[in-house]
Amino acid sequence: MSKFFVHERGICESENVGDGTRIWAFAHVLPGARIGFNCNICDTVFIENKVVIGDNVTIKNGVQIWDGITLKNNVFVGPNVTFTNDPFPRSKIHLSEYPETVVEEGASLGGNCTILPGIKIGRMAMIGAGAVVTQDVPDNAVVMGNPARVVRYLQDQK
Amino acid sequence: MSKFFVHERGICESENVGDGTRIWAFAHVLPGARIGFNCNICDTVFIENKVVIGDNVTIKNGVQIWDGITLKNNVFVGPNVTFTNDPFPRSKIHLSEYPETVVEEGASLGGNCTILPGIKIGRMAMIGAGAVVTQDVPDNAVVMGNPARVVRYLQDQK
Amino acid sequence: MSKFFVHERGICESENVGDGTRIWAFAHVLPGARIGFNCNICDTVFIENKVVIGDNVTIKNGVQIWDGITLKNNVFVGPNVTFTNDPFPRSKIHLSEYPETVVEEGASLGGNCTILPGIKIGRMAMIGAGAVVTQDVPDNAVVMGNPARVVRYLQDQK
């Protein structure tokens, strides 16, 4: 049996959560979500059903992980980061399938950045706080601005 | 008697809510708010008193609807969209009357966009994710950027 | 004994809270935080431990105040404003000490703006809604944009 922590004011409806993961107050995890080991799911985070989250992932407050989003191991998602999963949303119109967003291993998303639907964010990439990411981000790239542009590449990191 | 749903961890203090509307966990609706039929008020949404919301409106997580804001039928408000209602806010200084913000029928506000006070957003307009809207948006316009600019117009839609 | 209000759905773990301060639903204050008199801590706000908040401060919904952040008297923090405290965040890598962010007396932070780590925001400054603040802001300055630039200075205000 998995040993993860759910704060008494948080809600976790999934049983697919790894040992050592902590889910904090006013967070809400829907039944279909799969979450790895040693993750930190902070206050007010919302995680939908068709979601896969790796190990050692940090999701700070005010973030939602929608259907179709995958976060690989060691990803950092800063506070109020906003994912989207519909390129042309209209109320009460639902897509039959959502575009797939993937954040690759070790990437970090700075606070309050916005990720457009169907984006791939490369390994160890660093998204600047407040950036609006409208296209794929290469491995090791640092991006910032609205729309986000690559400003430099990180040296190879272990 | 109106038949709407309030999650056991949500708070609805208004009785002016239409049939079929759902209010989810950690959402909070104040007593004066008027909300139409078949709306979806997601987790952590906050709705103040002098607010009028039409039918079939979707408000995703992390959004607040302040005094003076009207959302017409079929409006979509994406996650973490931020409305404001004071053009020059100072702590403990309250306006006697708030500027009126109106989002017209069928308009969509992309995730994490920001709406300055007193703005009118036209019918079927589409606000890009992460945009900062500083002036009125015409019917059918698509806007993006900070500050938001019109990038194109949609063909007439039913 | 201090007389402050905590909504029955909010959580306040600190005893260092001044008279007249109100902490609303789904807000969460950690034990080490120090908060002054007559503050308004709105729904879903999160306040960490190494935080000092003055008197008459307003913090609107969806804001987090992280370790290392100081808000002086009469500061206004708009909805979904995002502070950060790590210039190069990686999951599971914690700084031994966080850069100090200070918002000086009477300053206002417009809705959904983003404050990079270690920033000083001057007295009575006004940060525009949706701005991304990447460097210190002088007293009385009005800034906006991504990155934020000074657009004018306010006359001396009492």
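Letters A, B and C name the chains as they come in the text, with residue numbers starting at 1 for each one.
The rule is short, and it goes like this: a contact is a pair of C-beta atoms (placed from the backbone, for glycine too) under 8 Å apart; a residue touches a chain by one contact, two chains touch by 3 or more.
Owing to the predicted nature of the structure, the values given are computational and were not obtained by experimental measurement.
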Category of the chain touch graph - line, ring, star, complete, other: complete
Interface residue overlap between copies chain B and chain C, same or different (over half shared): different
Relative orientation of copies chain A and chain B, as a Cα rotation angle in degrees, nearest 5: 120
Whole-Å separation of chain centres (CA-atom averages), chain B against chain C: 24
Junction residues of chain A, two or more chains touched: 26, 44, 62, 80, 112, 146
Chain B - residues contacting chain A, complex: 9, 25-26, 38, 42-44, 56-58, 60-62, 74-76, 78-80, 106, 108, 110-112, 126, 129-130, 145-146
Touch list for chain C against partner chain A, complex: 11, 26, 28, 44, 46, 62, 64, 80, 82-84, 88-92, 112, 114, 116, 132, 146-147
